[in-house]
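As structure tokens, here come the structures.
Two complexes follow with chain A in common, the first pairing it with chain B and the second with chain C.
Entry: the complex of A and B
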């Protein structure tokens, strides 16, 4: 594994440099030529959590060792062991990328990132859950890296490397990795939502399809925007997987295990937009919407109603905030461009100035402005990848929470319908009794018992779903709080660092300005 | 509007007004200082009246007719300028100055426009931060969980950060953009001076030619002589004062740039340090809470 230094030239020229400066702020990665965003995701995706991996020593047999000198692994190793010890204290799940799957020979040293996701599995208010948490060691690290374009023309797609490191016994080995494409992720989501949502779980959402973005990538335009698109998608897929493995019941699902382990996954065709399955989905969604409108549930438990209102209000707020953050990102990018242009103009002015000291000072000013431009660009990247993506993720997740509530309502509907059918059957039985037809009576009685059992089952389902939804919502809220806090702190820290660098730049300039005679 | 929103808006308007006020005051001060420092202009009666008269001066603005006159004068001047510009100057100093000023003027114009745009984007970004702060505030007031308190703290931080960013943009405007704008106009004025001198030179040369012609024809010699002498006198006077003015312009320019650049750097540092401190203390509090 150590001889991984000769890699094939990556298709994304800008994304070449394997700088695993995950936790390290802009400095390490900003040296990267054009594509700030690609290298920027390193720090961004890294500490979704608290653990600050230090670049420890080299660890040859390392997944990411294939891309770069295994610093990531060492990193993750370090972190991992720390977290292992703290696992019961904090019940954290950390993610880092790892190891050796021997799979991809043609790895691209694109940005390998190990993401730390401290989706802290904190015990909810229910006692049971606390005990469960303490018993299991949620020790699964997942990472998505190395986007690589496979194939040509319109049939091309991007394959990502999904690496897992775990100590759970249900997996075949400790560390492994597979290659997956975007439709695989969507397929996993479909399977999970079909199965688990019936129980009222909140299923994390994968990133959305994008025809425009993917077409650009397929056509092979290696411009910065398509690189940015791939990077965005990669980071989003990683967060998605991290949320999936953080969820205790989803982790137990065999589909998830298969997704992480199995080398060859059957192609998920029903995720294509224009397939038969796609249309079916649309029709289902429409009918669901109609259903929702017609049935009004009489809520016995106000907790659910309150929570639902809260969720809706919050989603609105987040949408507004997201719009503003978006506008900030755009303005900063504009500022970037304008600063670069201004710097050049200043340099020209400095050239035409005949007083030498002033001329020198003006060129220095031009240099400072150039550095500021870079600073602004990094700040914009941090704005986007840390803040804006966080908000858009949570806007979609809140939608999923609402879906959860809907499931509960549907369960209630089923129960009510079963009850009314039972009622009808009983009336029919009474009528038959009165009309005195023994054979039909027997059949009616059988039907009644069948429906009685159904009613009890549906009632139990409804109660169970109610409990699951409660649990899920509480867990979600805790996770959301933790997520927001850590991401915003990371954002503020990035701001802090850029201010420090700003100070350095201007401090270097000041003596020059004073030296003008 | 709630009381808080009202006070916030009032504060914002005050800050904006203050920034514009500072700019205007600075410009006026520079103007008056220059007039006072000029050996000839400082003796001007109008200037003395301006400084001493303690009642309202009631200056009449230009009415339409005068504005139109100005416009035509400008057109004539620029056409004339083109004609005159072709004349090569005997004096090296002035020739050099002409080329230098032309180039410098263009570049300053460019730099001034670009700096304006840059500062405008900066202001836009600061405004966005303001909206983020108020959005976070609404999120924070939804209820009183831990997360909401967190949001409130961050919203507060963004408010303060944004004030600093807005002040940075305003200071950059004051020190950098205004400097460039001023020197744009100064270099234009210097070019105009050179133009007037070239005009005088052309007049002088024409007068010389007329004199030669008159001497050849032996008619109106005296008239031609007097006009030639007048032109010569005018030309020499203008050359002398022009030289002095241009040298002054250079020194003044260097001094002004120095002052403004130093102040710019100092202000940027001050604000950046302020921002840094804010961020550090906020992060400290946030980390302490979690």
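Entry: the complex of A and C
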């Protein structure tokens, strides 16, 4: 790599490259304790009863087969609330080979070549199958793959394949896929946040818009930075969807189902203004509005205040961490560049050397350094996809958490305002009694009744939203711990792999070095 | 006739191959080195304190041995540059990779210089070597008279001589080869340094991340919070291990291959300087020959004498140079081999240790109950 390419980060492996270490890091979380390179193959897909004869060892691994470690996350995202367990334990796990499910699967198998595919799947024992079934109590897996450029010029966009595999009966079939573009994802978020946040749910956030990134892609999808951009976006979209389907309430939302199932989704129109940063701005504005409220809330329960402060503090800490990881990623990319340049210089030195044993050793050294450059690239990708993206996701999720606290405040506000309106109506009624105007009195009484019921309604809403927020926050914290734990384990596994490959390189080189006369 | 140069004994009373620098002390800008050499006769050591200026004194004495025949054909062991920067960045600029690693590689380079000088059959006869290694007083710090071959920082006309066609195929080949090798080695050493500096940056970043994670640890009884705090502590330890790993990798690089490439680069430069001196003498001889031919009868005899003298000098230089080149090739390959083997062995060890560490961390995580 020439010095100029120091400015351009080395391409993260494109979708075509078989880089086993990288699919998994991109996809959210997993509490799979085992080595990802083993467990992400058949065990889980077998547990889904996938035993199609035509998908043997020759076909490229099924889309979900390799996404498994990533999509295993979907089920392990702390959604194991008790009722869910019972529901899904009995759910139909077998995937049928006939009818629409089958053809969809065949389609999936055929088109999965472009995703990172690890080694071929291996058959597993019956025990493992049962073990996996016990784990799989939440049967919706989603994957976002196959980014393809559609159209030309400035109107071009990237379409992603969104594949779902499920045993839930609320879906029309067991496996299906649709094509979606980025604005569709934004549209989903917008619909969800309008509806669900009223209930105090933490709505996962889609990735940021990027004018710069997209412009490059519109121009051409082949250069390394575009490849990196698209891969990053694809992974982020996948994590976003996984978090959405993991959420028990959101999954029930018809918009989510429509997003996953419907072939022709009407284009989301209001997304021009929407962006990740835009969402956070909205949330922050709402926070400010809440802070400016004249009627301060008297918390009977300090839980909410304490939690809110914790969330704010944590967001700041994660931002700091993110900055450090960012610099780590940059240094690693720099190391890639340095290593490549050094490798070349050693190759030249080896060529110029006329002592044959020394020349050979130096050329070998150059090759070792080339391999190390590859390792450094993978390490950089690992740092990035495992940590940097994890931290960004959580920074934004914490923003969403703040958002739902604000919703609760607004609910409280509504209730208070209704109460004060009711009070005014009662005073007005009293005045009318004195003034003795029977027709107006009737109206006043009607209004009072209306407002009394509103007050009751809003109070109930407020209590309900309070309970939801508590539940949501607890669920979020459990998920967060699981997420971080599984990510660090993935990271360690990748590091361990790296070290082991390094050991092999060094062991192979040592005899060459010793052989120099 | 007294046997002179064929004598095995040198002027040196100590062994040359195992000279060690056992300590280095920094006082302000000045580095003082403790040099230990073993007496030839039985047991006993000499311990002396020397600064870089003393090394330079020695080198100057070696350079200025005009009466030693063929001295210009000697490949003088290279002395690393003086380290007098007051910031580490400055030191790195002066010394390259020798400026890293807490003076360890720098000390090694100085040691190698002394060992090469003390074992050199021509150079170790100079009394300055004995004085340097054994005298308890610091050698006189006064500047020796200006020697005839300083560093290769000649004027432009001199540089033109560098390309002067040779009369001897052996030397022409050696010159061509050396030119290519010096360039390649220098580049390799520079790129290696870049790599090491980046590795150090990564180690620092890992350290920062490790420290920053500790800030995420919160007190409290909440079980989920406790779980997350514990996780943060564990992750912090992982990154601490990564920092240690990267630091070791960089250290290994500096102390083995880094030093080796730097040494090789400077040694190639030393050969280059010798070959250049010989080429200059060749040009001088060719001029003298021409002058002798063209000389008017009145000057002719003087010119012929000059030509003869120059020719003798040139032949002596060639004789010495051939020996030196042979010796040099052997020594440099051995040094590079040692560097490569050590580099590989140490990196292998570090990789194994790190793999163990990461494995332990992984186990610890697996055992953590949710």
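The rule is simple: the second predicted complex is superposed on the first by the 356 of 517 C-alpha atoms of A that agree within 3 Å, B and C clash if a C-alpha of one lies under 4 Å from a C-alpha of the other, contacts with A are read in each partner's own complex, and residues count from 1 in each chain.
Going forward, contacts are C-beta pairs under 8 Å (C-beta built on N, C-alpha and C of every residue); 3 or more make two chains touch, one makes a residue touch a chain.
Keep in mind it's a predicted model, so treat the numbers as computed, not measured.
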Taking chain A as the common reference for superposition, should the pair chain B and chain C be classed as clashing or as fitting? clash
Quick check on the superposed pair: does A:459 touch chain B, chain C, both, or neither? Answer first, second, both or neither. neither
Could you say whether A:320 touches chain B, chain C, both of them, or neither, answering first, second, both or neither? both
Of the two partner chains, chain B (first) and chain C (second), which one does A:255 touch, if any: first, second, both, or neither? neither
Considering only the touch criterion stated at the top, classify A:312 as touching first (chain B), second (chain C), both, or neither. neither
Looking at the overlay, what does A:474 touch: chain B (first), chain C (second), both, or neither? second
I'd like to check the shared interface: which positions of chain A are touched by both chain B and chain C across the two complexes? 310, 314, 317-318, 320-321, 324-325, 327-328, 331-332, 334-335, 338-339, 341-342, 345-346, 348-349, 352-355, 358, 361, 365, 480-481, 484-485, 488-489, 492-493, 495-496, 499-500, 502-503, 506-507, 509-510, 513-514, 516-517
Residues of chain C that touch chain A when the two form their complex: 177, 180-181, 184-185, 187-188, 191-192, 194-195, 198-199, 201-202, 205-206, 208-209, 212-213, 215-216, 218, 224-225, 227-228, 231-232, 234-235, 238, 242, 329, 333, 336-337, 340-341, 343-345, 347-348, 351-352, 354-355, 358-359, 361-362, 365-366, 368, 370
Under the touch definition given earlier, write down the residues of chain A that touch chain B in their complex. 310, 313-314, 317-318, 320-321, 324-325, 327-328, 331-332, 334-335, 338-339, 341-342, 345-346, 348-349, 352-355, 357-358, 361-362, 365, 480-481, 484-485, 488-489, 492-493, 495-496, 499-500, 502-503, 506-507, 509-510, 513-514, 516-517
In the complex formed with chain A, which residues of chain B make contact? 100, 103-104, 107-108, 110-111, 114-115, 117-118, 120-122, 124-125, 128-129, 131-132, 135-136, 138-139, 142-143, 145-147, 150-151, 154, 157, 161, 250, 253-254, 257-258, 261-262, 264-266, 268-269, 272-273, 275-276, 279-280, 282-283, 286-287, 290
Going by the contact rule set out above, which residues of chain A touch chain C in the complex? 31, 33, 310, 314, 317-318, 320-321, 324-325, 327-328, 331-332, 334-335, 338-339, 341-342, 345-346, 348-349, 352-355, 358, 361, 365, 474, 477-478, 480-482, 484-485, 488-489, 491-493, 495-496, 499-500, 502-503, 506-507, 509-510, 513-514, 516-517
